[in-house]
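Here is the structure we will look at.
In order of appearance the chains are A, B, C and D, and numbering begins at 1 in each one.
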Amino acid sequence: MSDSSAPPAARPSLLEIRGLTKSFGALKALQDVDFTLGEGEIHALLGENGAGKSTLIKVVTGVFARDAGTVRLAGDEIAPRSAKDAVEAGIATVYQEVNLLPNLSVAQNLYLGRQPTRFGVVRQAEMRRRAHALLLDYGLDIDVGAPLASYSVAVQHITAIARAVDLSARVLILDEPTASLDRHEVEILFRVMRKLAADGIGIVFVSHFLDQVYEICDRVTVLRNGRLIGTRDITDLPRLDLIRMMLGRELAETTHERAASQPDTAREVCVSFKGFGKQGYVAPFDLELRRGEVVGLAGLLGSGRTETARLVFGAERADSGEASVAGKAVRLNSPRDAAGLGFGYCPEERKTEGIVADLTVRENIVLALQARRGLHRPLSRREQDEIAMRYIRMLDIRPPDPERPIGLLSGGNQQKALLARWLATSPKLLVLDEPTRGIDVGAHAEIIRLVRDLCEQGLALLVISSELDEIVTYSNRVVVLRDRAHVEELKGDAVEVSSILAAIAADAPTAQEVAS
Amino acid sequence: MKASTSVAITAAVLVAGFALCALQFPNIASTRVVANLLTDNAFLGIVAAGMTFVIISGGIDLSVGSVIGFTTVFVALAVERWGIPPFAAFALVLVLCALFGAAMGAVIHVFDLPPFIVTLAGMFLARGISFLLSTESIPITAPIYSAVSDFAIRLPGGGRLTAIAIAMLAILVLSALLLHLTRFGANVYALGGSRTATALMGIPVGSMTIRIYMLSSVLAGLAGIVFSFYTAAGYSLSAVGVELDTIAAVVIGGTLLTGGQGSVIGTFLGVLIQGMIQTYINFDGTLSSWWTKIATGVLLFVFIALQQGLMALARRSSVKPAGVKPVGVST
Amino acid sequence: AELTVGFSQIGSESGWRAAETSVSKSEAAKRKINLKIADAQQKQENQIKAIRSFIAQNVDAIFLAPVVASGWDAVLKEAKEAKIPVVLLDRDIDPSGKDLYLTAVTSDSVHEGEVAGEWLAKTVGGKACNVVELQGTVGASVATNRKKGFDAVIAKNANLKVVRSQTGDFTRAKGKEVMESFIKAENGGKSICAVYAHNDDMMVGAIQAMKEAGLKPGKDILTVSIDAVPDIFKAISAGEANATVELTPNMAGPAFDAIVAFKEKGTVPPKWIQTESKLYTAADDPQKVYDSKKGLGY
Amino acid sequence: MTLRIPRRGLAQAFALIVILMIDRAVSPQFFNLHLQDGRLFGSVIDVLNRGTPVALLSLGMVLVIATGGIDLSVGAVMAIAGATAASLADTHSLPVVIGSALAVGLACGLWNGILVAVLRIQPIVATLILMVAGRGIAQLITEGRIVTFTSPDLVWMGNGAVLGLPTPIVIAIGMLLLTGAVVRGTALGLLIEATGGNARASELSGVGTRAMILSVYVWCGICAALAGVIAAADIMGADANNAGLWLELDAILAVVIGGTSLFGGRFSLVLAVAGALIIQAMNTGILLSGYPPELNLLVKAVVVLAVLLAQSPRLGDLSRFTARWRRSKP
C-alpha cells in the first residue's frame, strides 16, 4: 500500500479527463468517460476485455484522435496529436502490445530519440553504460548491446517500462505491464512504482490481476462497454464488489480450488518424449503426457519453458531423443507435422507468432483447422461461420463480429480467438504458453473451466504460466525448469505454490532477498 | 546474427571472387582495374548510399535513376545554355532534388501510400521532365569539367584514382557516419523495425520519412552530377534502369528489403561485387549479348548463393542462447 | 601478328543490331582478326566501362558503336594516351571528340529521314497527304535525327502534313498498338494517306494493325520506313509495304580495312567513311533481297 | 490506425470510369464499336485487348505479392515463353506449342520459388536473377532475331476471335475464372493470405508456408508464359529483345492499384485485373490524345498519383470529415 497519510481524493489533481468519447465506425469504444489522476497517486484502470482501457490511453496520448472531451494536465488543457506530443507534454506510456523495436539493441531502445551525443555523434559506450545501469535497477544484468529480439517477452516488457519511467514524466501510464512478468519482476516493478509515486508522479495502472491492484493501487476506475462505471478508493471496495462493477454480474468464484488429481498411471499415455532436446536450447528431457491430464511448466524467466513448448510442437527441431504418439515413434520436424498429429500450440507472442492481423476473426479461428484439412477440402463459408460463431459464443469474444479484422480486437479478445483456433481442431495435445495473459477475471475463470472440461474429454494439456496459483489450480503434475533443463517433477499433493517455489529457487536467492 | 558477420561474409565473397577472376585474367589484379572499378561505379556507389537509408527505413526509391537523368540534363542546360556557373547549377539542382525527395516522402507519409508506387510515379515524373527539357544529349564544355576529369591521383601500376572515385569514397564514409553514429541513423533503423512502434516511442515519423527520401534524392542528384562529370554530357536517357542495379547492390550488401537491418559498408561491397561481375564479363569478351545476360544472372546467383550458404554456416556455429538470467542466478 | 580488336557494342535491342554484331564477327573471321565484343545492354556507362577494360587489356584497336553522341571525351582521351586507335561504328559523336578517334564508319541518320521523305513527296506528287509517324524511343539520337530529316522534307512540301506522331519504341508490338490507335483517332484510318516509321520493325507491326482494321497497307495507305530488315522485303513483295531505306549492318568491314591499313602501312583513313542509305521499293526485286539478307543474323 | 471501412473496389471502379470518361473526351469515337471481319472493333476493345498481357501477369503477380513476395522476372519469362512458342509454332501442333511454352513458364516459376522458399533469398533479388538471365535465355533461343511464324493456330491466339471478342480477351477472362476457382474454390486463397499476413503465425498454425510460396511463383510463371504466348501471337513473331520489357513494373502497379499491399496479406484477383485495365485505359488515352510522346511519362505519373490518392485511406478520412462538417452545418 502506498503512503496513505493524505486521503487520496484530496491530492492535487494532475490529469483530468472529462467527457471523453471515441468511436470506431459504428462501435462506440468510449462514451463520455471522466477520469482524474492525482499527484503521487497510483490509479488502476479496470474493466473486461474490450472495455476500452487501451483505447482511453491511446486517446489521451494522441495515438487516436478523440471525438469529444477534454484532457487537462496540471490544469492546462492538452490535445496531443501524436505520441511525440504526449511525451513532450510529460506523459510517458507503456502500451499494451510491447511497442519497441526488435531489430535495435536494448540500449538503443531505451534511449531512442534521446541518446547522449557529442558533436552530433551518439556516445555508444556511454549509452550502453547508462542502459546497463538502468536495467540493473530492474534486476536485469544483460548485454544491452544485443538486439532486443534476442530476449524474451518479459525482458522486452521491462525494457519498455524502464524507458517510460526514465523519461521522467509527470504521468506514467502502464497498460498491462505485468502480463508477462513473474512474481520476482512484478515485485521489482512495484518497488519502482512506489518510489515514483512518492516523488509525486501520477501512475495509471491497467491489470487483470486483482491481487496486484489491491497491493499497489490507491483508487480504481472501472469501465464497462466503453462507459464509466465508477471510481472508488480501493480500501472501501471489497473484491467481490469490484468484480461486480467490472462484469455487471456475479462471478462464481471457482478459480481457487485444486484440480482433483487422480493417480497418473490410471490414464492412458497419449504423447511421450524420451531424451528429447536440442543442444544449446533445452537439455534432453523425458516427458509423458496423458489423456485428461494437465502438466504445468514452471520456472523463472528464461528457464526454458517456451523452448520446451517449441520443441514439443516441432517449431524448433530437436537434435536428440524421440517422440511417440500412442506408443508409435513419430516424426516431429515442423509445426505442420505436429498439427498433423493432433497437437496444438498457442504461442506466447501473440502479435508476432499468433494472430494474422489483417484477416478476420473467422479466418483466424478456422486457420489451423483448414491447414490440417488441406487445400482440397475447403471449409465452406457456412461451416466457417458456424465454427467461428460457436467459439465466439463459447469464449465470449467481443465484439461478437466474426468479420472484424482480428488486429482491431482488444488484446484479451485476440488471445481468446487464438485459443479458439486450436480448440476448433479438436486436438489431442494442446500446448498453451501463457494462455491467460491479458485476460480479464471473468474470462479467466471461463478459460480455467474450459481447460478442465477439455481434460475431462480426454485432451492432454501442457501449460506454461507465470502465475503459480493458476498452475496449481489446474495442473495434475508440474515440471520445474531451471537453466534450460527439466529439474524436477511434482505430482499429486506436492503440487503446491510453496513446493514449486522451493524447486525453482533451489540454488537461487528468493525474490525477497533480491528485492531487499 | 551480428551485422558485422554478414559484412565480413560479403567481403570474403568479394575477395574470393576477385581472386578467381585474377587467376583467369591476371590483368585484373592491377591497380588500374581496381581504380577503374571505383571510377566506373562512382555514381552507383553514391546513389546506393542513399538507397541504403531508404531500404533500411523499410521503404524503396525507384526514382533515383530518373533523378540522375534529370540532373545531368539540368546541369548541362544550365551550364551550356542558360549560362549559370557550374557550382551555382549544382547547388540549384540539389535544391530541386531535395524538394522532389521531400515531396515524395510527404506523399508517402501523409497519404499512407506504398513507397514503391509513389517513387514509381516519381520515376515517371523525373524522366518525363528531363524529356521536356531536352531529348538530345548535350555536351558540357565548361573548363571545370575537363579540369576535374583530368585530375587523378596516379597509383603505382598505372591506376588512376579519379576525382569522382574520391568523391564517392568520401560520400560513403560520410553516409556511414550518419547512419551508424547519429540519432538520425538510429531513427532510420527504428523506422525499418516498425513504423507504429517508432511513432509510439515519440519519434516524429513524418519528418523522418520526408528527410530520408530527401537524402536519397539529394544523393541521387549528387550521383547525377558525378555522372555528368563521368560523361561530360547531359542526356535524358542516362541511367535508365539504375534503380534496379542500386537496389540489387544494396540487397547483396546484406541490407534487408523488409527494413531494419543493413549497413553502408555492405552496400559498398555490393556495388563492388556488381562491378566485378561486369569487369569479368568485359575481360572475357567472347560473350554474345545473350550470353552476357545469362552470365550476369548466373554470377549474381553464385555470389548470392555463396553468401547465403556462408551465412547459414555462421548461424549454425553460433547457436544463440535466447533467454536471460535474472541477477543473482549464478551458473 | 594477329590483331585484337575490342568492340563496344550497344546491345541487342533489335534485329538490325543482332545482324550488325553477327556481320562484324564474320568480317573479323574473314580477316583472321581476334574480335572481343562487350555488350553494353543499352547503357553508356557500360560502354565506358568496356572501353576502359579494353584499354586495361591493351587491345590493338577499339570499335565503339556509341549509344549517345556526347560524353566520350574523357574515356577516348584515355585510349589516346594508351595509343589505341578508336573507330566509331554506326553513329557519330560530338564534334568536341573529333580528334580523339581515327575514323567513323557511319550512315547519316538525318539523311535517312530525308531519303524516306523525298520518296514520299515524289510518290504522292502534289496531292494532299496526311502522314502519321511512328517514332523511335523518345530521346534516342537515331529517332531524333530520322525525325529531323523527314520533317525537313515535309516542311518543303506544303501538301504533306504529319497529323499524328507517337513513339513506338522501335518495337513491333508497340508499332502495332500505336497504329491501332492512330487508325481509330483518324476516322477508321480513312484520313491517313501514309505511314512513316523510324524503323522497319514498327512498320511490320503497323501493317498488321492496318490489315486487322480492314485497310490495305501499301495501297490505301503508303508506307515508308528505315533499316531494310528482311521482313520488310517480304511485305514489299506481298505489296503490303512500299519503301524502305537501307542501313547496312556491315559497318565493321570497312572499319577493319581501315585499321589494318593503318596498322600495317600507317595509312590514315578519312575522318568519315559514310555508308550508303539506299532506298528499296517494289521495283528492286524484294524477294531476292530478302533471300540475300535472310542469313545475316537479323 | 483507425478503422477502415471496407470500400474495396469502389475506388478502382471510380478511377476506371473517370479515365474512360477522359478518354471519351480526348477521342469522341472512343466508345464506338463495329464488327470487322467477325471481330469487334473499337477503342474500348483495344483497351481490353492490349491490357491482356498485363492483366495475365497481374493474376500471377497478385498471388506472389499476397505472400509478401514480388516477381521481377515476369517480363523475361514472357520473352522466353514467346520465343519457345514461336520457334515450335510452324513444326508442331498448337497443344504441343502451348504446352511447351507453359512448361517453360512453370520451370521458371519453380526456379524462382525454390530460391525464395527453400534458399530463402529475398524475393526481389531472387527474381532479379531470372529477370537478367531470362531475357538472355530468350535471346539465346531466337539468337537475337525476331522469329516469325505463320501457323494459323497460334496466330489465332493473338488475332482471332470468339463470338466477336478477340481471343486474348477470352483467354484472360478464362484465366481469371480459373485462377479464381483454384484460389477461392479451395483453401489456397485463405492460406496464401495467412502466409502473407504473418508467415510465422501461419507456420505455427500448421500451414505449409513453403508450399504456398512455391506454388504462387509457379502460378506466376505460368501466367507470364501465357502472356508471352499471346504477345508473340499478336505480332506473329517472338521479339525476345522487347517482349514484356518493363511489364513487371506495370503488373506490380496493377496489383497495387488493385488494393493489394506490397507487404502481403489480403488480395483481390478481380481488382488486380481492374488495375491492369486502368493502366491500359490510360495508355490508350495517351495514344489517342495526339500529345507529343515527350509528355507520355508526365501524364502517366500524374494519373498514377491521382488514382492512388483517390484510394488513400487518409483521403477517405478527410472526405468523411468534411462530410460530417457539412452535415453539422444547418
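Keep this in mind: a contact is a pair of C-beta atoms (placed from the backbone, for glycine too) under 8 Å apart; a residue touches a chain by one contact, two chains touch by 3 or more.
All of these numbers come straight from a predicted model, not from anything done at the bench.
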item	value
A-B compared against A-D, more contacting pairs	A-B
Where subunit A and subunit C are represented by their mean Cα positions, the distance between them in whole Å	71
Euclidean distance of C-alpha centroids - subunit A vs subunit D, Å	44
Centre-of-Cα separation between subunit D and subunit B, whole angstrom	29
Sites on subunit C at which at least two other chains make contact	12, 18, 21, 138
Numbers and ranges of subunit D residues touching at least 2 other chains	1, 139, 143-144, 294, 296
Subunit B residues counted as touching two or more neighbouring chains	131, 135, 196, 288-290, 292-293
Interchain contacts (touch definition) - all pairs	A-B, A-D, B-C, B-D, C-D
Of subunit A, residues touching subunit D in the complex	24-25, 27, 63-65, 313, 315, 334-336, 338-340, 345, 347, 352-359, 363, 366-368, 370-379, 408, 421
Residues of subunit B that touch subunit C when the two form their complex	25, 27, 30, 32-33, 36, 39-40, 43, 131, 135-141, 146, 149, 227, 230-233, 235-241, 278-279, 281-283, 285-290, 292-293
Partner subunit B, residues of subunit D touching it in the complex	1, 72, 119-126, 128-140, 143-144, 249, 252-253, 256-257, 261-262, 294-302, 304-305, 308-309, 312-315
In the complex, subunit A residues that touch subunit B	63, 82-84, 86-88, 93, 95, 99-104, 108, 112-113, 115, 117, 120-122, 124, 136, 139-142, 150-152, 155, 163, 184-185, 279-281, 300-304, 307, 483-484, 507-509, 513-514
List of subunit C residues in touch with subunit B within their complex	6, 9, 11-12, 18, 21, 36-39, 41-46, 48-50, 52-54, 56-57, 68-74, 94, 96, 137-141, 144
